[in-house]
Structures are given as C-alpha cells and as structure tokens.
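Here chain A shows up in two complexes: once beside chain B, once beside chain C.
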Partner chain A sequence: MFIFALRRLFAAIPVFLVATFATFWGTSEVVDPTDNLATCQNCSQAAYDRIIELYELDKPVPARYASWLGDFATGDMGSATSQGERPVSEIFWERGRNTLLLALPAFGLLMILGTATGIYSALRQYSKGDYAITSISYLGLAMPTFFFGLLLQVVFAIWVPKYLGIKPFWSSGMHLESPLQFVRSVTLPVMTLMFVLLAGDSRFIRAAVLDIKSADYIRTARAKGVSERKVISKHLFRNAMIPAVTVWSLNASALLGGSIITETIFSWPGFGRLVIDALFAGDLDLTMAIVFAIIFLVIMFNLLADLLYGVLDPRIRYD
Partner chain B sequence: MAQDDLLLDVSDLSVAFKTKKGMAAAVRGMSLRVARGESVAIVGESGSGKSVSSLALLGLLPKSAQITGSAKFDGEELVGMSQNDLRAIRGKRISMIFQDPMTAFNPVFTIGDQIAEAMEVHGTAEGDKALMEAANLLELVGVPEPGQRVNQYPHEFSGGMRQRAMIAMAIANKPDLLIADEPTTALDVTIQAQVMEVLSDIRKESGAAMILITHDLGVVAGSADRVQVMYGGRVFERGTTNDVFYDPLNPYTRGLLRSMPRVDAIGERLVPISGSPPSILNMPPGCAFGPRCDFRTDACVADAASLELVKPGHESRCHHTADLPAYEAVETLT
Partner chain C sequence: MTDLIARPEANDDAVDAGDALGLSEKPESLGRQAWDRFRRHRLAIVGSVLLVLLAISFWVGPYFAQDFDEIDVLQRSQGPSRAHLFGTDDLGRDLLARTLRGGQYSLRIAILTAVIATSIGTLFGAIAGYFGGVVDSLVNFLVNVLLTIPLLMVLVIFGRQFGSRPNTVAILIAMLAWLRAARLVRAQVLQLKEMEFVQAARAAGAKSGRIIMRHLIPNLVGILLVEITLLAGTAIILESTLSFLSLGVQPPDTTLGTLIAEAKGSIDTRPSRVLIPGAIVTIIILSINFIGDALRDAVDPKSGIE
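Take a look at the complex of A and B:
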C-alpha cells in the first residue's frame, strides 16, 4: 500500500507540471503587468524597465515558467503585487485558513447528512420522506448557488429581522470574536456551500443503496436470521461506504479549493475570492500559488480515496 | 407417512404480488409435505412459483407480497408469524442455500466471518470459537486448507468452493430443513455433481430434510425421494421420484422429460415443449398449461382440473389422466 501511494505521488508529478505550465502560459498571455503603466502619466521609463525586469518580460514564456518553478521548488512563492508586495505564502495560509473555516463544517455536515438522507431515501423508497428528500435534492441541483445564497440573505438578513425582530445569523463578513459569533457568521455560507453538493451526494448514495439493498447477499443475511437493524448497519452500510468515499473525495477537493461565488456573496476572505482578485489584478505569483494548491488537493484526495477503497473493499488490494 | 414424522405441512399456499398492472398470482394454492429427513424436489420452469413459495415460507419476500394459506413447520404456523419469531427459525431450524454463490456472499466480509455470523446470530457459538467452528464446517464440505480459507474473502473462492461454503453456512446450526434453491444452476457441470454429492453426504450425516428447488431433472433423479412438478404457480404432478420419472401421469411432466437428453437416444433430436410459460399477470383460463398442451379439449379451457390421487402416493392435475397414451419409460442422463 505504501509503495502504491508512493507510485501514485510520482505519477502526479507530470500532472502537476502540465497543469501549472498551462496556467502559467494562459495567465501570461492574458495579463500584461505593464498595462497599469499605459495610463500612468507620471511613470517614467525607469519604472517601465523595472517591471520588465521584475517579471522577466523580455524572456519567452517557458523560460519564465522555469524561473517560477525554480523559485517555487525552493519554497519561494514570490510576492503578491496586488496585495502591496506581501509574501504570497503569508496570504496563502491566511486565506487558506479562512476557507477551511467554511469547508470543514460543510464537509462534516455533508458526510453525515448526505449519507443519512441517501440511505433513508433508498430504504424507504417511494415513501413520503423519500419524495420530500428527492424533491429538495432536485431543487438543490437546479438552483444556482448564487441564487440560493442571495435567498438566504434575503430571508435571514431582511425578512427575519423585519418581521421577527431578531437577526440570528450574520449575512456578510467573517466574525471570529467568539465561538457564538463564529457560528453566526458561518451558518449561511456553510448552508449555501453545502446545499448543491448535498443534493448530489444524497442522490448518488440513494442510487448506490438501492442497488445494495436488493443484492443477493442482503437476502442471504436475512435468511441467516440476522436482525433487520444489523442487516442495515453491518451488511448494507459497509458496502455503501465504498461509493460514499467517491463522492466525499470529490466534495473535499471542491470545498477546500474555495468557492468563488459563496465567498463573494458572503464577503468571506477565503481562497475563492483570492483567486478571482489575483486573476483580475494580473497577479501571476498569487494565481500560480492557488492553482498549485487546487491541483495538490485534487491529487491528494484522489489518492486518499483510492487508499480508502483498498481498506473498505477487499477486492481492491494494492501490492 | 406418520403424522409425527411430518416436518413441514404446506396447504393451500398462495402468494400474490401487488403490481401496477394488478395482482400477479405467483403461487396458487400450493401444497407440500416434507417428512423428517426426507428430500423433496420441486421442479418447474422459471415463473412456476417454486422459488417464491420457499421464500414465502421464511418471510423473505418483499412487503408487496400477499401470502395466504397455511404452512406448519413442526406444528408451528409460519404464515402470518412475526418477523421476530421467523428470524429465530431462519438459519437455525430452516436454512437456505441460494442459487448464485457469486453474489450470495457479502463481498466485504471474510467467508469465515459470514459463517460465524450465522452461529453468533443464534447464540450457537461466539467469537473465536465460532470462527474455529466455521473452519471445521468448511473442512466438512470439502474445502481444502480450511484454516486459511476461513480468513479469505468471497472473491478468492471459485464458484464451486463458494457453493460449498454456502452449504457450510447453511448447516452451521444443524437445521432440520434445508431449502436448496437451484444450488447447482450457476456451476459447471463437473462441479454440479460434486456439490450435489456434498449435499447428500451432509444430509446423511445430519439427518436434515431437504427441499430441492430446480429446473434440472438430472439433478432431481439422483437426490430426491419425492418430486413435485409445478407449473403456473400450481402443483401439476407429485409422487416418488421413480413414479414421476418412469410413469409420468401429466402431459406437462411428459413434455419436460421428453425435452431432456437421453442416453438411449443419442443422435435423436430433443422434443421441446412448444410455446412459453404464461405470464403470472395474464394466466390463461382453465388449465395454465392448456395453450401448450397436445391433449387440450374444451374442458381444459372451461376450468382447471384439481390435483387428484391417481395411484397410491402419485397425484396429477389433468382432466385427461385416464385417456393419456401409455408412457414409454426412458433412461435419462443423470
């Protein structure tokens, strides 16, 4: 298993190189750091030359990429020109932590609620509960994130205070003064983040459990005299974990990469907003750092999922 | 058979499923008696109700099934029994061996765990002792190196070995009755014979009775004391294996036997029964076999014959039992 993990990590190196080069190239083609100088009246030729030199604009893209890669490999992520030349690593960790504050609760809730609603729906197929969960899931799949986020804001920041006289949740910004404030400020963005993913997870797990519940081995367990509760909690659940790991790994990389829309709507200073700001400002080093982080997360969670398959499913063994 | 020898007494058992197109009658007034230690084969094509009736006995059918009639197991009524009480009987006093050993084991648990679970559920053995017992059972059914095999997963077993493990699991609690639902259908012919031999050895040793559900008459000939032939959810013929094979009284049974390969007729063509079995949603009026029968008359369409005793211990359901031509007994390939 260790050898397998190592092999997978090595195999990830070309993926990483291709993805970072593509991003570097694309960003370099679109963004011209000298743009700002074109409208600047007081800027001298010296300032212009300084930018050319700083970004090595006199060299071809592959050479610039090689130079970025060299710096990156030695731990130098550069500095963010759009953020007052602050070191990228500093911004990176700060924003990363903020995104984690949203992603972790959302992920935890997703795991619990997605599995619970999926299994419930499948076991009580065509019951009122199943229809309710299915309808809400389709709503979640059909409704754009930005609309759901705005809807929550309208309800909890305008209607509830107006008609009930209380404001239970913050509808904007990050408040970390106390645990209570933290909960009040993450509730709405976490719900927004979760809603779409939860709908997909629930549907996926429902379909998987429908397959499992009519499997021959479930009937065998019943024929042995195993109680209904144990048939579900042992025989069915262990098999349902295998497809669940698939969706969880996809959820994890989606959540940890930051959500552009949710973070923008709720003014949450996380990764998602950072990447948009960096792209609009033509901040190459910052963009590259975030792209690297997203590639890294996707590769790591795929690997983690593959290793978990090996643990959960004896038919998959890595020697 | 003496009354106290009677282990299972099923009478007038009917199973119907609620479907969108109306009620589907899978089993219609079936009866079946099994004495202690006896082996009874239920033979029929797909859709004849043979599997459904046995699943109904153990309450293993989905909730959409409506079960009526009576099934007394050792004096206890199984029809209408609570799931809790049924659970105490399942796997303990009545065990099932399923058709497809490839899918009947849970892929994520070891064979040993799954056999041990059968014992743990009924408190026969616990923990390591149950696992040891599982290894002994595997040895009993002829799985080589049971000490290692017990820790292996289903996918590490071949089809034949898995079916042996299935038998080991079924006999773990020394049941009074084994229900083998097409136990050899999914196996190679050479393996089929081995598995049937294991089953017969096991029964000799434990004295368990068996209901053998199959569509393979070859399997029946070697291993059943009595046979009952089912068609369209009804019993069409019932008698000792010899009687049914050498003196079949029902046109359907004759058709089945004619469609089998024979050792004394090599080079001759097999005679299939024309047509196909009726849909349980749309049973023909009168005799269910009527549309495929060479002897059909208006009486067959008007109403179905009842199951009647023609000779001692030999029953048939046909209006024309008396005027059927004599049957020429044949040797069948077994």
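Take a look at the complex of A and C:
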C-alpha cells in the first residue's frame, strides 16, 4: 500500500506541474501587473521598472515559472503588491483559515446529510420521504449557487426581520467575537456552500445504494438469517461508503476551490474572495499562490480517496 | 408530490397491449420506442412545454416589448407599473425587455456551449478510445490535468479577457466543459470498436476516419443527445455565475446572470429584481435536467425491458 501511494504520488507530479504551468501561463497572459501604473499619474518610471523586475516580466514565461516555482518550494511565496507588499504567505494562511471556517462545517454536514438522505431515499424508494428528498435535490441541482445565496439573504435578512421582527443570522461579514456570533455568521454561507453539493451527493449515493440493495451478497446475508439491522449497518452501509468516498473527495476540492461565489455574496474574507481581488489588482504572486494551493489539494484528495478505497474494499489490491 | 416524479415502472399500457398482440403487430421503430419511454416521464413533458414557451417569449417577445437598451432617466428605479410590468432599473431601462433579452442570450450561450463542448469531447473521446495506446494516454493526461484545475477560477481568470461577447463566453466555457463527454464517448467507443459491424467495415477496407465518422459516431447519437442536454444546463449555471461576477457578456447587452448581478445592490428595497431572473434561470435548468433524464431513459434500449 505504501508502494502504491508512492507510485500514485509520482504519477501525480507531471499532472501537477502541467496544470500549474498552464495556469501560470494563462494568468501571465491575461494579468498585466503594469496595468495599474498606466493610469497612475504620479508613478515614475522607477516604479514601472520595479514591477518589471519583481515579476521578471522581461523574461519568457517558462523561465518565470521556473524561478517562481523555485521560490515557492523554498517557502517564499513572494509579496502581495495589492496589499502593501505584505508577504503572500502571511495573507495566505490568514485567508485560508477563514475559508476553512466555512469549509469544515460544510464538509462535516455534507458527509452526514448526504449519506443519510441518500441511503434513506434508496431504502424507502418511492416513499413520501424519497419524493421530498428527490424534489429538493432536483431543485438544488437547478439552482445556481449565487441565486440560492441571494435567496437566503432575501429570506433571512429581509423577510424574516420585516415580518417576524428578529434577525437570526448575519447576512454578511465574519463575526468571531463569541461562539454564538460565529454560528450566526457562519450559518447562511455554510448552507449556501452545501446546498448544491448536497443535492448531487444525495442523488449519487441514492443511485449507488439502489444498486447495492439488489446485490447478491445482500440477499445471501438475508438468507443466512442476518438481522435486518445488521444487513443495513454491516453489509449495505459499508459498501455504500465506497461511492461516498468518491463524492467526498470531490466535495472537499469543490469546497476549498469553489467558495468564490459564497464568499463574494456573504463578504467572507477567504480564499475565493481573495483570488478575485488579487486577479483584478494584477497581483500575480497572490493569485498564483492560491491557484497552486487548490490544485495541490485537489490532487491530494484524489490520492486520499484512492487509498481509502483499498481500506473499505478488500478486493482492491495495490500491487 | 407523488405525481410530480415519473416512475420508471409505470409502464405505458399501449406498449404492453402491443406485446400481447404478438407477431401480428408491426414492430415499433427505435424512435417510436424511445418516444414512448420519453413520454412516461411526465415532468420531462412539462419541462419541454415550459422551455418552448420561454424560448418563444425570449425570441418573439422583444418585438412587442420596449427597446432593452433605451435609457429613460425620468423613470429610474421604478417599481412595476402598467408601462413597465417588471419596473425599471437604475438607468430607467425597462426590466421586462431586459429580462427577455437576457433570457435569449443565456439560452443562446447555453446551447452553443453544449454543442461545442460535446463536439470537442466526442472528437477526443472517439480518437482516444479508437486508437488506444499513446493517443489514449495523452488524452487521458490532458483530461486529468484539466480536472485538477479549478474550473471556476480558470473561468474567472480568462473571463476577464475573453468573456465579453456571447460567442466567446460559449467557447471559453466549452473549452473546460468537454471532459465528461470525452470520458463517456471513450468508454462507448472501447465497446463498439470490438463489435462485428466495425470489424466487418474494417475487413472491407474502410479507413479509420470513415469508421469513426460513419460507424461509431452514429451509434453514439443517443448518449450525445443526452450529454448536450445536460451540458446546456451546466452551461447556464456557469455562464450566469460568470456574469454574476461581472465577467461575462458586457453592457449594454445582458444575460440573466448579469441582471441578477445588477439587481444585487437593490436587494433590500426590491428583492423581486433578483428573484424574477433567478427563478427563470432555475426553471430553465430544472426543465433541461428533467428532459435530459427522460432522454437518457429513452435512448437506453435496456430500459424498455421491464
């Protein structure tokens, strides 16, 4: 298994390098750090030269990528020109923590709710509960994240205060003063992050469990006289974990990388918001640091999922 | 709730009756069988009707509505009235006309994206599956690379540069959305190429290009139709998301996502400006997904045997 992990890791390296180089190249083509200086009246030629030198804009892209990667590997993420030349690493960890504050609760809830609704729906196929879950899932799959977020704002920040006179949740900004404030500010963004993913997870796990339900080994277990509770908890649940791991690894990547919309709507100072701001400000180092981190995490989660398959399904052998 | 969701088992009586009559009955054509299976999904029928109605209003409506780009400063930020059914925006433009125009553009981009992305995916998938070996590995590598790059971020990075016109938005999204189609087609081609009719064609001296275009791809029409449909739904989500970040189609033109982005600022005072285009987007995608699911069932020959 260790050998397998190592081999997968080596296979991931070219994917990682090509993916980061492609984004680096694309970003360099699109983002021009000297843009801001063109409209600046007081900026001198010296400032212009400094930007050229800082990002090595006089060198070809592959050379720039190599030197950037070298710096990155030694822990130097560069400095963020859009934030008063603060070191990127400092901003990176601060914003990364904020994104995790949303992503972790969302991920935990997704694991529980996605599996629970998926399995329930499959075991009680065509029951009222299944219809309700299916209908909500279809709605979730059809609603763009930004619209669902705005809908939550309309309901909880406009209609509820107007008609009920209370404002249960913060509809914008991060509030960490007390645990209560944290929960109040995190609720709506977490719901927004979760909703679309939950719909997909629930459908996927439902389909997987429907397959498992009619599998031979379940019938065998029943025929042996295994109690219904044990059939579900030992035989069905364990096998349903395999497709669940697949969606979880996709969820984890999506939560970390796809929070752009949610963070924009709820003014949450995390990664997603940062990458857009950095991009518009022509801040190459900051943009690339985040994109780089996300590509890295996506690859790691895929690898983790591959390893977990082996733990869950003894038939999968790594040799 | 119960009758909202189609039950695949709820078999059409007509089909059973045909079977009961046995051999005397004229065999049903594949298209006819597919239509019978499609028809079972009541929601897909509702979705089709809704989509056609929306499309008609998006394309015909503007001839009867006001000019979507006519600025009337005296009528700024008005609520709904007889003259402006949906009210006006911050510049005094008629929101009904803008919604129709936006819907038209959103649908246009979605269809274009779906067709381009499916074509790219089919091409790559068919080539990878048919030739195998190094070509397959190369395509696989490309797919793996693109899968690790966060889609939305790439859209944001390039949307700034290329996202200004409807056709470029469609091409941009399609460049990133073809992966699923490629995988699907590759898997199908791997199976198909071992079948007798392909072997026969090869034995008769047909070249690879001819086999792919004349023998393999026609056999994929069913799943490609499904893929185009479902991709159109994805494309609308991506396009409206891009527009929401004001990186999509640029003013004065508009899409449903742009309308929502513009209305975001006045969400406190006039939530309806967000809710109407949002609801339209949701209805479009919901309809598309229902149609796609029903189509998948319809083109799958196995789903008829129950």
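Here is the rule we go by: the second predicted complex is superposed on the first by the 317 of 319 C-alpha atoms of A that agree within 3 Å, B and C clash if a C-alpha of one lies under 4 Å from a C-alpha of the other, contacts with A are read in each partner's own complex, and residues count from 1 in each chain.
Everything below uses one rule, namely that a residue touches a chain if its C-beta (ideal position, glycine included) is under 8 Å from a C-beta of that chain, and two chains touch if they have at least 3 such contacts.
These numbers were taken from a predicted model, which means no experiment stands behind them.
Chemist: Do chain B and chain C fit side by side on chain A in the superposed arrangement, or is it a clash?
Modeler: fit
Chemist: Which chain, chain B or chain C, is in touch with more residues of chain A?
Modeler: More residues of chain A are touched by C.
Chemist: When the two structures are overlaid on chain A, which partner does A:Ala142 contact: first (chain B), second (chain C), both, or neither?
Modeler: The second partner, chain C, only.
Chemist: Touch test for A:Arg222: chain B only (first), chain C only (second), both, or neither?
Modeler: Only chain B; A:Arg222 stays clear of chain C.
Chemist: After superposition on the shared chain, which partner residues are touched by A:Ala19: those of chain B (first), chain C (second), both, or neither?
Modeler: After superposition on chain A, A:Ala19 lies in contact with chain C alone.
Chemist: Per the contact definition in the header, classify A:Leu176: touching chain B only (first), chain C only (second), both, or neither.
Modeler: Touch status of A:Leu176: no partner.
Chemist: Contact-wise, after the overlay, does A:Val298 reach chain B, chain C, both or neither (first, second, both, neither)?
Modeler: Only chain C; A:Val298 stays clear of chain B.
Chemist: Which partner does A:Ile112 contact after superposing on A: first (chain B), second (chain C), both, neither?
Modeler: neither
Chemist: Per the contact definition in the header, classify A:Ile260: touching chain B only (first), chain C only (second), both, or neither.
Modeler: Touch partner of A:Ile260: chain C, not chain B.
Chemist: Counting only touches as set out at the top, which of chain B and chain C does A:Val154 meet: first, second, both, neither?
Modeler: Only chain C is touched by A:Val154; chain B is not.
Chemist: With chain A's C-alpha centre as vertex, what's the angle to chain B and chain C, nearest 10 degrees?
Modeler: Once the structures are overlaid on A, chain A sees chain B and chain C at 70 degrees.
Chemist: After the two structures are laid over each other on chain A, how near do the C-alpha atoms of chain B and chain C get, in Å?
Modeler: Superposition on chain A places chain B and chain C at a least C-alpha distance of 6 Å.
Chemist: Residue by residue on chain A, keep only those touching chain B in one complex and chain C in the other, then list them.
Modeler: none
Chemist: Provide the residue numbers of chain C that touch chain A in the complex, in ascending order.
Modeler: Per the stated touch rule, the residues are 1-2, 4-5, 7, 141, 144-150, 152-154, 156-158, 160-161, 233, 236-237, 240-241, 244-245, 257, 260, 264, 267-268, 271, 274-275, 278, 281-283, 285-286, 289-290.
Chemist: Using the touch definition from the top, list the residues of chain A that touch chain B in their complex.
Modeler: 215-217, 219-228, 235, 238-239, 242, 312-315
Chemist: Spell out the part of chain A that touches chain C in their complex, as residue ranges.
Modeler: 14-16, 18-19, 22-23, 26-27, 29-31, 126, 128, 131-132, 134-135, 138-139, 141-147, 150-151, 153-154, 157-158, 253, 257-258, 260-261, 264, 275-276, 279-280, 287, 291, 294-295, 298-299, 302
Chemist: Given the complex with chain A, which residues does chain B contribute to the contact?
Modeler: It comes out as residues 58, 60, 83, 87-92, 95-96, 98, 100, 103-110, 117-118, 121-122, 153, 155, 169.
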